[in-house]
């Protein structure tokens, strides 16, 4: 592997890492706050992409602007899902909630097919296939935009979680639901809210996926798996960890693909995942208490 | 006739019925029954893990697929008879399960589930890239594998029978007691001297073995396998759905679930998407209202017991 | 406890009879003289190959609708016309599912002949089943070498499509007509088409004195191509040949533009063919090439009308695949008419004697030998020009000039 | 020597559960271990059973080293342990429960062969009638019996009994005591941990008293029960709190007792599953007073608090706050009514800062707008917290954490505040500070206080009225002065 491909791969991986992080953030929050493996996360991302895909031309907005519209929609849907479907089955062992989550993802998947067929789509804009030269190597403009937006998004959530009263309540509920309840925090609605926020963020992630890659009803799973890897790398619920995890995964994939052939690209992520789980069942930067 | 013979005679009657069935029904129904047996074997083998030892594994597809591959390879390149090949498939799956246990048994509850699904996915990707096994093209057998659909019907029926008998037998052995203890209360089981790792490992391997054989036979029946379908996560998920819908931790539950699933799949065969949708909705409802599964719930309600009493009185 | 044991067996019985009664419900009794001619097919209406779905469906069903309008197909054995019933299942582009569908068609629906799903990954496993059950099947969109790569002697499955061996020469023959540094980058996914054609291109490149500077082999449904593209760039390949599904092709082509990799000529086999390709890329697809086997301008009977008719009926822009599927359906119907009965064996015999010109050109199957049961269609190179595919090679058939280098 | 512990030390992060403890049991001996909550008794059992491995020191069983062996190996070596809360295999019958031990612990091959031995044990513990009952169906006494039987099924050389009498009603208690005495006579070696001291005093040959994971005293029962050190551990020291009593004297105690009732519990029964923790508890708190609820642990103090702020459903009875029933309320709504608790063991949010923890105390809407002001009040109550306000709560010392916990409770502007064991595991000086704070809260803010304590003297010193709870029942009620005669209290505590 020549130095050029190496550096190029590394840079590409870094930028992708940002995107990965934002797509995994919602998943990580849900996991961190309520220990719930949010299987439908992939589908929520895809839904975000679909919505932007249809709304953007309809209103003549730039796809990135439509996020402002899509996020509230997903927020609302997410809230309902947690409130009506997941909350009732939580705290009864792992099967009920896990399988409900699975069922939701397959329901979403089939609804996508029914409404929008299985065809693969991409969100195209004037700049979505621009490239620019950074220190002698070509980088996709979109990758750069995605990276910046992701970092902004992560920062925003970080501030929300650490600065606002609600954010603190969410962290409290995550650390010790029982005590939080004694403090007068309605944990169930905090959960619903967390899920809603997670879904809202997916609007950003989904739209970016739609603009950079192509998406179809079936493309939820790979993103879910990426999310899993990132959460385990970055520790659940930790936002800095999520960004780190995303970048590590991005770079590892790029370089791994360059080294062993692109066929092994996804396996590398999964192997890292298993390795980390084996060494440290709660993730690298995660709480050991969990 | 004394009461206690009733169930056994009924059972033998059912079996007899199933044995002679092929001579009365047309081939397609035979095919449907074959699928039913396939589902039963898978469901029962998973129930051993999820139902009797609290190992919620989402990686069953890996065992199924590896069994299929091992069978295909041995049958095609070493020219084994497909039955012995399937046995080897089962062993391959069992061996793999032991390897799989090393990283995953350190994990608990949800982490274990995640670990298993990720491993299954990794195996799938590896197979797609592994040229010896034909990479993404998979493996084609000679079409004439020495038996007809009837043959497969009986073989799969035998496996389903085995899979159904296994838990009943195991539960009566030392291992069975250990497993039930673990499922009820792991810490307490350890205090009673149960070696948890060993117990779990053995049941993991047994379950994998059954799933492996099933996969092997199915591969021969398909006479062509191809990684992205044989390792598909759908195998794991629908298996679990069957057990859950039927009733986890019971012997009849998986059978019930498999039958339910087969019927559903047949009725909606032309509308796969709706089938997906409906299964999802049903699963959500069951998880919400009858987490013990339909059969588990029926068993609690008096009506069935009364029905039983009426029938056997 | 004891009562539970009993109820356990009770439910086993319950399930058994439930399924049995269900079984009896589904089993349909066949009458002595058939009411209709049942033909079955399983096509990829959904899944990764879904872009081809509408074309296949139209191509398969149209000839049958025509026949039925004219009162059906005359079968000498029964001395009367019978309506044709085409049973279509969706296989989501999944071989597993396709195989199930075919099994179902043969065993349950008792079809007397089959029209194949699309593409080697599904045609081969379903073909194997058709062979086992001895039901004739005519295959569509299945390149001949991949079809034969199953490594078995086909008796009941027939394939009419282009021959990769010839097809993989076209790109080089075309490139010989213009100036280039004769350096080629190959992008092939790892499904049977990709693998087979990948090898042929590598071989033919030498034969035509081109150098393959980089051969990217990627798994189906790859989304991130940057690394591969950079390597092609490093090799200064001026000719780029891809073989993959539409989504992959779209992603690949876009990322090539993003990374500023601009070859003189770009070929996207399979992926660059359907109208969706132009829809997704718009003017950016201008000048991209795809090898084909059919074009309305080819002087075969009904070629022109076929396109107009399709576009009129469906409102979609046409694809060459309507021709292949349309022709295959005609071949089968023609064979059934000649066989004059619904006996699969006789129909199969009739297919083997097919010798007639259809909308895709003259069709006559090779018998026995290494390439038995196949009939190759001559390939042409198509180039996207303003939303239309134009023939740019061979010269004598060309409908437009070859745009090179890419705009 | 059957069991020997040599200089065992075990730390959990900052806190030391067991420090440099050594003792040994010889075959046929019955040894009792007592000590207040958090004195490291159960940790000790877990160390012996290999659930935790000691940080320092070694454990020898019958000549061989067993520390750092895994639990199932140790139990197979012949140590049978019963759990404080019975942990049977719920979905298995009594017989099957035992068979597990027979098969794995005792190394039988086939289930059949174990039947007779199991039946023998079942008879010995008196479960004969329940052989085929699923454990889930058993009542508490039978569960305790089963717990014993399971331990016996391992054919143990040593029995570890962890608070086996907890939660039993007197009649049941007598039965169980008898059972243990029988075992003793049959020559079993037993290590018994108990709060119900009447049991431990009657059964053991030798008693070891622990506090803060260290040996306080060791010797025959009589010696222990008269040992002043032991009494101090349980009753708290008298001399310490003169300052407080003086303050108490100045405070207008008179008339408080006539005030209207703020909280009123009427014949409340409650429990966890089939474990009933409270029996017909009637109990009231009057506006503006400090009421103390005293009792050894396992007596049901915390349960009482949990039912008051609705974390635990009640089986029967009525709970009135300001005359209105709160039985239907949710935990997070109770706070809005003005009821707060300062949870046992602090339960801070470990990864949040002190300030964040305090702010979260004021989550309920009523308190949220006025949280700035409240915060100031908390700070001048505990000046120490002000300059630590941005420190991560988990890193504070025990005393500071307790202060944050109290502060957090105050942040919700409560009319009624419950302090659960705030002096637990704290140094006397810190405790003084906390108690002064409580008095100020009561006097300056007029907040009604329920003080739940093991530490009799301290709590009686500050309280206006007090109730003593014993095994889920209110044993004694009255003004602090009335209860302050040790004899009565001692009786409740030591059962003689």
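Order as written gives the chain letters A, B, C and D; numbering starts at 1 within each chain.
The rule is simple: a residue touches a chain if its C-beta (ideal position, glycine included) is under 8 Å from a C-beta of that chain, and two chains touch if they have at least 3 such contacts.
Bear in mind the structure is a predicted one, so any value in this text is a computation, not a measurement.
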Furthest chain, CA centroid comparison against subunit D: C
State the pair with the higher C-beta contact count; candidates are A-D and A-B. A-B
What is the distance in Å between the mean C-alpha positions of subunit A and subunit D? 44
Cα centroid separation, subunit C vs subunit D, in Å, comes to 74
So, what's the distance in Å between the C-alpha centres of subunit B and subunit A? 33
Rounded to the nearest whole Å, what is the centre-to-centre distance of subunit B and subunit C, using the mean of the C-alpha atoms as each centre? 35
Residue ranges of subunit B touching at least 2 other chains are 125, 128-129, 273
Give the residues of subunit C touching no fewer than two other chains, as numbers and ranges. 46, 92, 190, 219
Enumerate the residues of subunit D that touch no fewer than two other chains. none
Determine which chains touch and list them pairwise. A-B, A-C, A-D, B-C, B-D
Can you list the residues on subunit A that touch subunit C in the complex? 2, 4-5, 8-9, 12, 16, 113, 117-122, 124, 128-131, 138, 140-142, 213-214, 216, 218, 222, 253-254, 257-258, 261-263, 265
Give the list of subunit C residues in touch with subunit B in this complex. 2-16, 18-20, 22-24, 26-27, 46, 89-90, 92, 94-97, 99, 103-104, 107-108, 121, 124-125, 128-129, 131-132, 149-152, 190-192, 195, 219-220
If you look only at subunit B, which of its residues touch subunit D in the complex? 172-174, 177-178, 180-181, 183-185, 187-196
Interface with subunit A, subunit C side, in the complex: residues 46-48, 50-51, 92, 190, 216-219, 222-224, 226-228, 230-231, 234, 246-247, 250-251, 254-255, 257-260, 276, 280, 282, 284
Can you name the residues of subunit A that touch subunit B in the complex? 35, 37, 85, 88-89, 92, 94-100, 102-104, 106-107, 109-111, 113-114, 221, 225, 228, 232, 261, 263-264, 266-267, 270-271, 273-274, 277-278, 281
